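What follows is a pair of complexes built around chain A, which joins chain B in one and chain C in the other.
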Partner chain A sequence: MSWGFAIWAATLALAAAVLSVTRASAVHALLLLLASLLALGAAFFAMSANFAGVIQLLIYAGAVVAVFVFVVMTVDASETAMAHERKLLRSAWRWPALFVGLSVIPILFGIGGGAMDAGAPAAADTRELGLLLFGDWGVATELVALMLIAGMIGVRHLGRSLGPRLRERGRE
Partner chain B sequence: MSIALITLFSVILIMALLVAAGVFTWVERRGLGFLQERLGPNRVGPFGFLQWVADTVKLLTKEDEVPPGGDAITFRLAPALAAIPVLAGFGVVAFGPNLSLAALDMGVIFILAMLALTVYAMVLGAWASHNRYALLGGLRAAAQMLSYEAFFGLSLMGVVMLAGSLSLGQIVEAQSGVWFFILQPVGCALFLLAGIAAAHRLPFDLQESEQDLVAGFMTEYSGMSFALFFLGEYLAVILVSALAVTLFFGGWLGPVLPGPIWFGLKVGALALAFIWIRAILPRPRYDQLVGFAWKWGLPLALVNLLLTGALVVMIGGRPG
Partner chain C sequence: MTDGTIWSIAPLALLGLAALLAMVLAPIQPMPRVRLAAAIPMAMAVVIVLARMHGPEAPFSVLLADDVLARLGTLLAASAGLGIVAFTRSFCTGREGPALVAIAAAGGAALASANHGVTLFLGLELTTIPMVALALMPRTETAVEAAYKLFLLAGVGAAALLMGLVFGFAASGSLRFDAWSVGGPVAAIGLAFLLVGLAVKFALVPFHMWSPDLFAGAPAPVGALAGAISKVAVAIAALRIGLTIPAPEIWGLGLLLAGAAAVVWGNLAALRQTNLMRMLGYSSVAHSGYLALVLSVGGPLMGETVLIYAASYAPAIVAGFAVAALLGSATRLEDLRGLVWSHPLAGVALGIALLSLAGLPPSLGFIAKLYLFSSLAGEAAWGALIIAVIGSTLGFAYYMRFAIRIFTSPQKPVEQIPLSRVDGTAMVASVALIILLGVYPEPLTGLAAAALR
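Moving on to the complex of A and B:
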């Protein structure tokens, strides 16, 4: 039953992902992206990958809201902009989309046709995963953490309060 | 548990939660009345107890329409997103020894994820309303959620370290000696602060603050859609209280009475504290709220985590 549910959820995720790149409205696309990430989380749960499922929900699905803020603040949602977007979707994006679609086939079916025969899912203990991440893969984990710190430093730089001289220059 | 039993338990749980949320609205209005020296609802039924039933009937029969220029599908979908994730979150709550719908080995993070998803209800509802006040409320909701989620999760990691588990049942069992709010006072305080923000309750309800934004993201909602937002909010209060009781106040542990009763009593007491806080504290300014989260909440949670980790290792450490 759980394999059936996993494939159903994964199909849903794929369908929502395809729909999310073919929508003209950015907000609808985001909504579908969210649906896709949620369905992917459900697929992980069905395959007993609880940690991946929970992280999928918390980090990925939870963080789309930040993208939403950017969309609302930066994307033009007027009727003319939408018409332009629809025109682009009909013509220019067709070939790149087809190309990406083709590249999905080996992921879906496996190069040797055996991607689905990975064997019964094994439930991994959170402790084991933690030991793996901070033991064997410690350096890699720390490097990823450093990348996040780079982002934080960037935010600190952008959000700094300007001194009087810089503020003057900003006004000009 | 068999599938039939799980389904039966789920249906009973959802029914109980819907009634609890309804009764909670009555308790809140009476409680606020008491704290503000007025009567509160007192006409329908004894002590106005049936007021919530009357309100539900009214909301079910009210007209519920999409504002002109609004996005109909998203507008209708958003209120459901307020209630469903919170209901799903209750699926992993441990109501008693071996008494939970799904004993997920990382129940704590699952509930955090479900609470984080409720922000979509506000943001999408606000956007679909085609209304400036609503949109401002929605953007506030997004910024508040991002700010508070960061230290919401970190504040409870001290408990996870002490218990050595992310499973709600095991965390409760680890408190058989001493409750974690004694060992983790800073973590507990930060958790409750962030919990108020996660449940979007006064004084942290900047996204709907009626004094400056009409009703914020809910401005255009009426009828049952409006009720679903409220349902989500009250259920979130109960869920945050249940999580706090599990993590810091010994869960179902207690003398004489059976476990689930103790759990219910503790959750009720904490939910009353939410009402009390609402009645006595003014709302901060929006930048103060977000500033506090990043400048105080997050660093304090990190220091707390560091000290707890050092102590846990010094006192004997958990076997690796």
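Moving on to the complex of A and C:
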């Protein structure tokens, strides 16, 4: 791959991100965010950072789907509202699709040129990754685990319904 | 792994263990046992840190420092956590309260030991997320509002911090603090973003909006966490950055402006409050401001001043919130009237805590203010000194307004309300620290000097 392609994909990612934060509709913003993340993944691949690229696609693009679930959960789901939404969102895919399409054009037509000096992609096998995560960076991994526990406790309490049990519980 | 590295990671590991034990026991054991399960490993962490305070350095990982500064920060975080667990009750925080306090203490320890961008970020988040989770536990409108304010602003702060780390990495090719002294415009932009991220958690003025709401609206342990663990750890992290990277102009200027604004605005707003918690919330903005002023001015006394000031703030805020937890929602000015008659120990503890926050002898707060003024005067930073003096005078006015009310005789006869032994212990321990170290500060000043060597 090439620097030209990397810069092209990163520019598209930036443009999609700017469009994403300026949209009024949550779904439009999310689709553009998805396009931005995919273009960023392409930029990673272009720089021979294959592992980072795969992670970018799997985790971030996957996370956007999870955010979609939240959007679906919180919006009004009545028949009229659905029809209204459908009308509004009929063309929602166009911009995101354009960005993703543009970011693969260089591959299709071989534009961009200029070999990159980074050479072969660095090997990132699971063994090395594991050694890194539980060796030098073990402390960080454990701290992230603690952080997730705290977040989980918080979300569980935010999500509980406020029934009479709460008032009965009273003092210890 | 050698012997030394096991002991260097032990305090942090024990704080994590405290969180896990308390979380696992929360659904099946009564609350006092859950608190005990959190308290025992935390106490062990305190003992281990104290035992190896001046021992040889044995860094466990490239991500954490193991110098005396880190150990002092861990000591402060673990002992503050211990004090806060004592008054974490299930009716205000749910049964997972002690676990969350222990996680925040681990975050404070990580933040104080951070010499790497990753631990800096994780430490900040590790103190923030338990605070958000604890704050929303009562699920009242004010509590959830306070939690969301903190969550959103801390999210903005975290984003700014990450941006700063990215610029720092772009300039130096490393996330370690000591690599960032390369200078140049990219590193300066990185430091500016980093400063914004820290200022949000530090509650400096343009980013302080969460602080008063959190102190007043959320359960008492959250305010104590924000003051005694999060603020102290951020101060130590900022001190470490300031000591590692040779005084870039943008860092000092940003701290000076935000600090001066925090001192002025925090004190003026606190002057108008009639609720104890809200007053402590605004005054905590002012205390952050004093610390930022010292950090911005620099000089040979900077490190000692920051450490002593932070160490004096933590026990006072723990004692204040222990009393506030006892009083529940009755913390307005008129509710405090005659407190010393209805709760003698709580009244005296709150009185001494306010005395220390105001900076009067013979409390530790007096020593801290003394260091503050001599540090600013020593660098001939007259503007900062004048702002700090005016701020402290205003502080004296509103702290005394509350303190006098405690000792005014009550209008109607009061019955004595018994105090639980654990609450009493937390209050006595904090107040004893304030007074003993106020009269005989050598152990603390010696420790602070050793931490900077």
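Here is the rule we go by: the second predicted complex is superposed on the first by the 91 of 172 C-alpha atoms of A that agree within 3 Å, B and C clash if a C-alpha of one lies under 4 Å from a C-alpha of the other, contacts with A are read in each partner's own complex, and residues count from 1 in each chain.
Keep in mind that, in the parts below, a residue touches a chain if its C-beta (ideal position, glycine included) is under 8 Å from a C-beta of that chain, and two chains touch if they have at least 3 such contacts.
Quick caveat, the model's predicted, so the values are computed rather than measured.
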{"item": "Touched partner set for A:142, first chain B, second chain C, both or neither", "value": "second"}
{"item": "First (chain B), second (chain C), both or neither touched by A:68", "value": "first"}
{"item": "Partner chain(s) touched by A:102 [first = chain B, second = chain C, both, neither]", "value": "neither"}
{"item": "Partner chain(s) touched by A:131 [first = chain B, second = chain C, both, neither]", "value": "first"}
{"item": "Partner chain in contact with A:157 - chain B first, chain C second, else both or neither", "value": "second"}
{"item": "Of chain A, residues touching chain B in the complex", "value": "27-28, 31, 34, 38, 50-51, 54-55, 57-58, 61-62, 64-66, 68-69, 72-73, 125-126, 131"}
{"item": "Chain A-touching residues of chain C, taken from the complex the two chains share", "value": "9, 12, 16, 19-20, 23, 30-32, 60-64, 89-91, 94, 96, 99-100, 103-104, 106-107, 110, 118-119, 122-123, 125-126, 129-130, 132-134, 136-137, 139, 144"}
{"item": "Residues of chain A that touch chain C when the two form their complex", "value": "136-140, 142-144, 146-147, 149-151, 153-154, 157-158, 162, 166, 169-172"}
{"item": "Interfacial residue positions of chain B with respect to chain A in the complex", "value": "71, 74, 77, 104-106, 109-110, 112-114, 116-117, 119-120, 123-124, 127, 135, 138-139, 142-143, 145-146, 149, 153, 166, 320"}
